[in-house]
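You will see two complexes here that share subunit A, one where it goes with subunit B and one where it goes with subunit C.
Showing the complex of A and B:
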């Protein structure tokens, strides 16, 4: 049989391609983490695939001498605010569209899909102008509002899919048994749609945490910056301080990696549903 | 029941707030595009289509549109080809595969600013690892920030790195839903790997790919952050596409009307293209 040799060859070839895929995907990330732990003085003199002198120096400089901790806190506040508002509103809308009787349901869902493809600047320009006019510009609240504007269509769309799948009989049975609609909603429907709500929470968080465009346009003072814009302004201030910049990048990416490790099920489901604008 | 009335009231409040958040900015963008104002806070003057006429008369607008088409077209093509390839590689099942799939998704999760800074570090003048590699190959330095073509290629390749996992994941889900017996039957009929790919895999992925192509096109055409973070649209506007042109009109020239008009025009272009796309390839609606 001559089938054995090509089989071994194709197995090796497959393994090699798989290894290449992994290296391709992970190398820049590895390089970022690697750089963040290197001795600042050696960064510009040599290429090291592993830090020869492992140090926390870049991190301590970053946290002690820059506004990084403030930006981190701002990012957390804005992201949590966005998640809270997005979940409340999208749960209500998705529930109403699947359960209540009123005209224009398809219009609501259709509008959400349409809003999903608005160019970021089509929203950023009017929002920035609006915030200047009503005195909200350069505040964290303006960022929460902008990020909610981005995340809502996605949240409604995702949750609509979840609410549709839950048979009406379950809550109708509860309502026949004397539960009010409100109680049936809280006690029966919400627990069943929890996976959907978690998915929306993750993506609202991701959207807010990684947003650069809106933060760039809305916020100008250093104390109100979020991580992405703050870190980018550091490039100009500390030219070529790549150790600190990579430490800062690692710290932005870390929460996402931790979330991804523990909640990958929700991530994959959301991603497959097209749940990231990007 | 009284609680029914409460839930209707809560719902209509939520709907009103959502409409305000989602639709009002778009409406206001339209309003801004019909107005002229000296600055963000000065009183507006209605000029109707003058902003549009002015923008359409700018050579820079058409240049930016052309670059946007090149940028979006090439990134989408590369993402789809690579994404299908990765999905085929990752579709096999064996222990450890879920971890490898997770790793392949990582670029998509990173904030754009992290990707941009990391690649700028790797491409850095003389000490970045890509620059060192180029030196080994005999080039003095990588002119990615100075050379118009290199800048565009760099931005395209980095965009492909970030956003391919979306295609990979959706295709992977599509591949896993293809029944194994179709392949079995084809194998018995003597079809080779290429024939199986062309005549089974691709047609079976058709509906997935149509949606992926649509979503990628929308997002790549609107892409602002990665280009801005890498090149600020430079060198000499070589990577300036419509979103960057629109940003610069609104926030560097303080011409909000023109900026809003550019965004509105690119949205109209996109909407028309999507309508044509749906006419050409009607998606199978299952709901």
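Showing the complex of A and C:
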């Protein structure tokens, strides 16, 4: 009986730690959703863990008073553009690095992740200067390019791990079976890399969807603002209207929730594979 | 079905020559085994036949078509890879059907041929499974099925059994042998296992350092190896090789070595001349242990250093002076470590190699009457 005490104690300890971690991670999200559905008048007067009166008012005000639909559309365009360009480039680069023999190959892969050593602002300023010179400043394309610059290194690195894992024999078997090299790549290699591709897509989407720094530096006109920067303008204009702000944040988070619900299986598999194959 | 001809084929990777001027022809319906140690160029030669490697020089013909510059898909060959190379994202059915789909076969035709191949290989109940749900032997069957279903001009098999355990390997070897007899398509089979080569091949091609050492029927290569390398590579346990010198002795010749002297009759020494440094090759199974007290015909007297009972046979390691010999005899429980045994060349079988070049000077691999 006495021997069971430490076991029970450690179980309770683990449980408490787990509960704390979950609360720490989930509570801000819960508070955001909770606030977005509360009566605007009650937000400043009472602390309510459950809305006393459930209302869509914050959402309707947000859509009435701001360019939310435009920001949303801009965010979708930039994020999907970033995902598309990142996937195409990282698949091609990672495949070339895996299959071709050239001097300094390991160095190329090794230095890929150095891109993440620098704070985003440090990269954003020279990039913005560059875009001004080539006439791309204040465009959604400039954001797509900036976000791709950030997402690509990890994408290449992750997919490199996947391609390394696929034996050459499988591709060669497809070629003997009647495929050209390109067809073997499309029909055999790509499907086997699907968890990796989905992981890269989620990562690129997440990076682009939540980016604030690049959007702030690259885009100045209201019509080209994305969601994070657009919402930020509300803080200045309406003096912290928490209800609308939380409603906007909830809407920003919604696509991410949906995406993770359906694709988290791939994401975890992809990250795990990338982690051990590096 | 078609014959395969490899003419003066060379493959270089930079300055490194991995296949050096190899020529041979594989008859229509023949099973040719490429055998040799790792890095001998056997797999590279096979891959050149498949079109997965380009040739640096030479020509490859399949039937009457020069396929040297053709892509793998245009050669109408099928290949089985060492690690199966199954498509992990497809079912067994999808794996078998893939090659036919790529060639534009109709759905009905694909279904008929996939089911026929699956039935031939006994995998018809596995068609809906994914490769990761199969055992090693089942995966190997699927890999064979993928080749079989296409009815190609030739089958190329690159060490297909090396990932299987010993027992399964023997079973699959028998299955491949009987499959070849049934379908009668030309096959090239690559292995580093000489037992596999001997048991499967209609002929075997022994390679070393990118060069073809000998091509012949398994027993012909075993009985009359072209050189010291082939002699040591083919046969298990490995052939004993001991330094010796040929000296004149009366009308015949005598082989003198460290701890032994063997008189060679005129019949056994025809074509040899005295004064040459040679290497004497003796297969362990060709040495005969004489009964205790035997005096006539004794060619070796040695001390037994090790006795390895193998069931039906006993392997002895015998030493005398600087010479040591492995001797394979029928089970003999009466011999133990430290015993002295008298031996002679069983049925007069021996091989002599030039000490400098390693080429065969004389091979008496079968019984001398």
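Heads up, the rule we're going with is that the second predicted complex is superposed on the first by the 240 of 278 C-alpha atoms of A that agree within 3 Å, B and C clash if a C-alpha of one lies under 4 Å from a C-alpha of the other, contacts with A are read in each partner's own complex, and residues count from 1 in each chain.
Basically, contacts are C-beta pairs under 8 Å (C-beta built on N, C-alpha and C of every residue); 3 or more make two chains touch, one makes a residue touch a chain.
Quick caveat, the model's predicted, so the values are computed rather than measured.
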| task | State whether A:212 touches subunit B only (first), subunit C only (second), both chains, or neither. | result | first
| request: In the overlay, answer first, second, both or neither for which of subunit B and subunit C A:65 touches. | output: neither
| task | Examine A:31 and indicate which partner it touches, taking first as subunit B and second as subunit C; both and neither are also allowed. | result | first
| If you count the residues of subunit A that each partner touches, which comes out higher, subunit B or subunit C? | B
| query | Now for A:249: first (subunit B), second (subunit C), both, or neither, which partner does it touch? | reply | first
| Of the partners subunit B and subunit C, which touch A:14 in the superposed model: first, second, both, neither? | first
| Touch check for A:188: first (subunit B), second (subunit C), both, or neither? | second
| query | Between subunit B (first) and subunit C (second), which does A:119 come into contact with in this model arrangement: first, second, both, or neither? | reply | first
| request: Applying the touch criterion given at the start, work out whether A:180 contacts subunit B, subunit C, both or neither, answering first, second, both or neither. | output: both
| Touched partner set for A:100, first subunit B, second subunit C, both or neither | first
| note | Going through subunit A, the residues touched by subunit B and also by subunit C turn out to be 180, 183
| task | Note which residues of subunit C are touching subunit A in the complex, please. | result | 50-52, 71-73, 77-79, 81-83, 85-89, 98-99, 102-103, 146, 150
| note | subunit A residues touching subunit C in their complex are 167, 169-170, 172-180, 183, 188, 191-192, 194
| note | As the complex stands, subunit B meets subunit A at residues 1, 3-4, 6-8, 10-11, 14-15, 17-18, 21-23, 25-26, 28-29, 31-32, 40-41, 86, 89-90, 92, 100, 102-122, 124, 127, 129, 132, 161-163, 165-166, 169-170, 173, 211, 215, 218-219, 221-222, 224-225, 228-229, 243, 246-247, 250-251, 256, 259-260, 262-264, 266-267, 270, 274, 287
| What does subunit A use to touch subunit B in their complex? | 14, 17-18, 21-22, 24-26, 28-29, 31-32, 35, 43-45, 47, 88-89, 92-93, 95-96, 100, 108, 111-112, 115, 117-130, 132-133, 145, 148-149, 152-153, 156, 164, 180-183, 185, 206, 209-210, 212-213, 216-217, 227-229, 231-232, 235, 240, 242, 245-246, 249, 252-253, 256-257, 260-261, 264, 267-268, 271-272, 274, 276-278
